[in-house]
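Following this message is one structure expressed as structure tokens.
Which chain is which? They are A, B, C and D, in the order written, and residues in each are numbered from 1.
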């Protein structure tokens, strides 16, 4: 088994930083693997990439070194500074692997974050795709990597209306060649570049990166892809709890959710345009699990003082026997980045495995990791988890080419 | 398919009253079947007893008519008095089916509730068992019933130390014949009588009714039985949520639960001796689901003003990636009796079905209804629910003798 | 002491209905005075109007009898139907005292509720004011009332930009005479009519009824007035808790509030235009109590299934010693109308008292009842309560002309 | 104004450590005074001791240096390790001021914590008092202190039945001389020694230190004293909220409180004997504020994983108009030690001020700091705060001899 690299879109963000810091901590034996799904017994005996051996790099539109990002994350999440000191060297080594990203059509709020939008505005879509491919290839060669997984952790883009050019690989290619830049957003160009480079692509954001054209292209090219929108907190709980109401034949009347968060994710989502994408992927699951649509609402509110400590309150009003009305509430208080990071390591490992197993197109067995899993209608968390466990079982049986 | 009867231990309690009121409301078309699991599509096509056709009766140690109990329940649960008026006639018809119960060895708190403990104290265990059997037989004949299901809804008894006489049917019988009354509590004598009468026995309480000897006797006699301790609120949520932490490889550090309730159940559980049984069955599941035992505690506190509105707060402290510590809390506010009642109708239907299918011994497919399911180690709610759905599937395939 | 009448703007709403039902229940001895501030010992010895003796009437823009409103309220708030039966007669007697109201400039959401907007659109502002005065006068005469208190319980209007015509009594009168209807909304015309009729006016809503011109007119005419926006739940708690953080020198970083409600109030507030008024009055108090403005947000979300059961969640993030960050949350679940109703009885009693004491203009001693008290900068609840208690003390000392 | 010293009972505990760390941080300009009441504008112009200039020392029964304690506290409370490095020198300087404490009659749970109980068991009460006096005097001389304030932060002792010897100074002295050690516990001997040394004594614990005899002795000797049981979290909120229900004439039916904590305080309180003292002082205030005793219960549960992050859930069930039943809940999550530490600095400053002003006996103006304030029946937090502000006002007017 060769060496695996991870190339982040949004490498300076909290989640990417937590992934890198975590891998370095594992390397030093300073942390354990709590939170990593692929460390469950179900995966024993599968040849999976070792986080400690992974190389990291990626794009960002903001300036700032991995070390600076880590200082900020450690403060926000109350992580021990001894750990930071111990991994400082490793963080610095990531710097040469960082390239400037693109913000094509990402909306004003994201563009304002960018250190330089002038250069890319001068580039055609084709030129952008080429640049991104070169960035990936450079990372791969410099670090002698066997497989590079591209992971989208960038800020949420506004939703994108479906277009004919999103339907087929040829249509998409034509759109790129003709530089019809209003028809795509950055996340899709990244995905396009990754797929053409043969790199698995994980869309951990709600952005509309994996349009049907690119999923099809991935299938044709034998490149595994998956998304959308990592399921780390409120929606995870929702997908674990909603089936309980279903199986007990209790009628959910209303399910109201409020999310307070203060990190960069929260700042970008405080723009109603960008938030729209997120709310769509968060709110869809109730209907799909329950088979009917109760009154529901998902609020995402930016509360700067909270930084990375996401706090979600959910209020569930339900009807039982003899017309009785009852309630359940839950409050979730977690570090968004530290919940996401181990799952990213899982997704990289499993993408790398899929690649080696010669699988292309959507990795539907990864549905449990996403709020809006591509190609999967199952939203009950436990059913999704079982899909993953069954996949692991089969992979073990068939053996994995390393 | 003949007529089905339900004989409650604790017929004047809120749950039995809610079951009877519910069945009468269904008969009048004044309520729907929300909360009944057997109304899920999985059960379509199975011949199940119709609640509206069931006959109801049972034992109680308190005096008071079903109508009086209903007045009190309706007030506590805020149910509409129009409904009460509509079912008054039906409630009155239950009165002749009520017999005086026994409190043998139930502890002081329960004995104090009894209107008459003198008579039973004068009876040997054998005489008590005979009396109970006659009560059941009388109910069956008077109402021309094909099957009578005995459902234990009585107040929780203190735990009972295991004895050799609990091990084998012969040992238990000997204990009864020799009147060694300190070795059994009332719930087991009820179970013994029910099994000898060929009546399915459901232990919806944490009391130690289904000792191994009686489970074995049930198996030998072809009588379906199941328990223990109905899973209606906090523990239901626990068994739905705990697997989420397991599957995400998040370490539960502490899981603290507080239950506030004000009904008769709450009053009896305010006696530490009786509470002990409940806490054992509520607290066991974490260890079994997670595979390790986090710090956990279950408080049950009597708060008279709440009456039947159970309020539970759970605080879950868990550890994630890089040693991060996070929390989840939930608050459950529900009418205990109205959550339990539809499940009782389900259990009666499914016991009756098992009887007709010639099944004896523990109905392990009913695990999802119980906090401490007899003969089942699986505590993940969704796995338990699937066991039930698979059973329904098989029962449909094999056809049911009606 | 003569007889007191209460004339509601929004007489068919839940709050007015709860006031009337409450007064009737008191008359029959079927309820107690829990929730009425004027029943505290501080008011012993003051001659206050007896709720059981009050006459009720008012305007509404919807059709529907007081009895119909009561049926709906009793269901929503789970009140006993025996009580409803007992007061049916009294509710019917209110019907002849109901007049059709106006919706001038109230915004589309409110206008859509109106059974008839054609008639009033044909009327000039002057004609509207005259009609309203006649309605009041008719009520007073028919019921031989000494004092009529007008209480605004109508749906919240959108905010109204300040205009020169709001500044002085003459300016306002001119605006009415010249029919410049875009400069006023219905609530101010009601207030104008009430003041001209010598009737105390209570603005229990956030609508901008008590513009400076009308406060001045009230002062000149010796008519007591007060508002704005009854303080019944979330804001009450806020004004009780915020001083605690102030006095402990703990820095509030963020105070986020979410209100879920499903009654007519909630429906109208689901229109962002109308909600704006409410949020302004709810959100202002933190700054005034703390002396600085923490990050704060007040959400008001319409959740139809909740009907009158208002549920508010507040999340407070604060900073303590050594930069430590801590949180407090509260959850308030109350019947909005039943919280407001006894306060309305208090306000009527105290307005009537002020009238008899010859006081005109804003009754600043009533600040504790309002979210945005006219002419009062003090928002600490306990200080406001003490202002009221001191007023009662003085009123007792000076004696009251009855 | 001379130099002020603070001598802690329990100097190695989290609270004392937080006080010392805080004072050192202030000295270095690395923290602000958030959480210190005496920094409110009300105290401007009063000559108060400067924390940065205070000397610290005290007794403990456990071994371990201030630096070790700080390492543990900083980890538990997520404080930045940069700060710890900066104050390391200061912490080390405290070590020579630490003496071994006594555990006389403190119960098994506390005794088990002690590094050496043999020595003190061999000492008479008189000898113990002498030793403690010498410890104080040594600290005063070595550090050239003008005033030493003794602050009890030791683990909670079990309650102590009232005895005749607790009634008068002479009685108490006799009891000490006759070595009737079963009649006193350690906290009272500490208080006795402090008072005889002329040192103000603050009892921040619920232990029964300030028996009437010692309060009287303090009054006679002109030594200010105050207690009992610092009010930092749940009870603080309770005393701020309960008056709201009172002033709104809403009837509290039940007020249930659950406290989860994992620090040393929590460990000792997990012994029911010791907990008893705490619950008494926490639970008393409702009756005193409301004028009636609703159903109430205070649970204190040890949850080791929480360490210093105290989490309290309170559930309030109340009755409003027309018999309606409503609820309020609050959740408090705070660092117990960091909430207490700034209040300790306040109490030291105000004790020192009282001493200079020649006041002896209970400092009743400090009621707002305590759950069970000595000699004060007022439990409404805001009234208590005003007592303090008025005292500050008067002190300013009269001037303070420095």
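To be clear about the criterion, contacts are C-beta pairs under 8 Å (C-beta built on N, C-alpha and C of every residue); 3 or more make two chains touch, one makes a residue touch a chain.
From a predicted model like this one, the values you see are computed outputs, not experimental measurements.
A repeat of the C-D interface exists among A-C, B-C or A-B; more than half of the contact pairs are identical by residue number at A-B. Two chain pairs are in question, A-B and A-D; the one with more C-beta pairs in contact is A-B. One finds 49 Å separating the Cα centroids of chain A and chain D. Here the spacing of chain A and chain B, counted between their Cα centres, is 45 Å.
Within chain D, contacts with two or more other chains are made by residues 78, 80, 327, 329, 331. By the touch criterion stated above, chain C contacts chain A in their complex at residues 253-254, 256, 258, 260, 295, 297, 299, 301, 303-306, 311, 313, 315, 317, 325, 327, 329, 331. Contact residues of chain D toward chain A in the complex are 75, 78, 80-82, 331.
Remark: chain A residues 18, 21-22, 25, 31-37, 39-40, 77-80, 83, 236-237, 240-241, 243-244, 247-251, 319-324, 326-335, 338-339, 341-342, 368, 380-383, 385 touch chain B in the complex.
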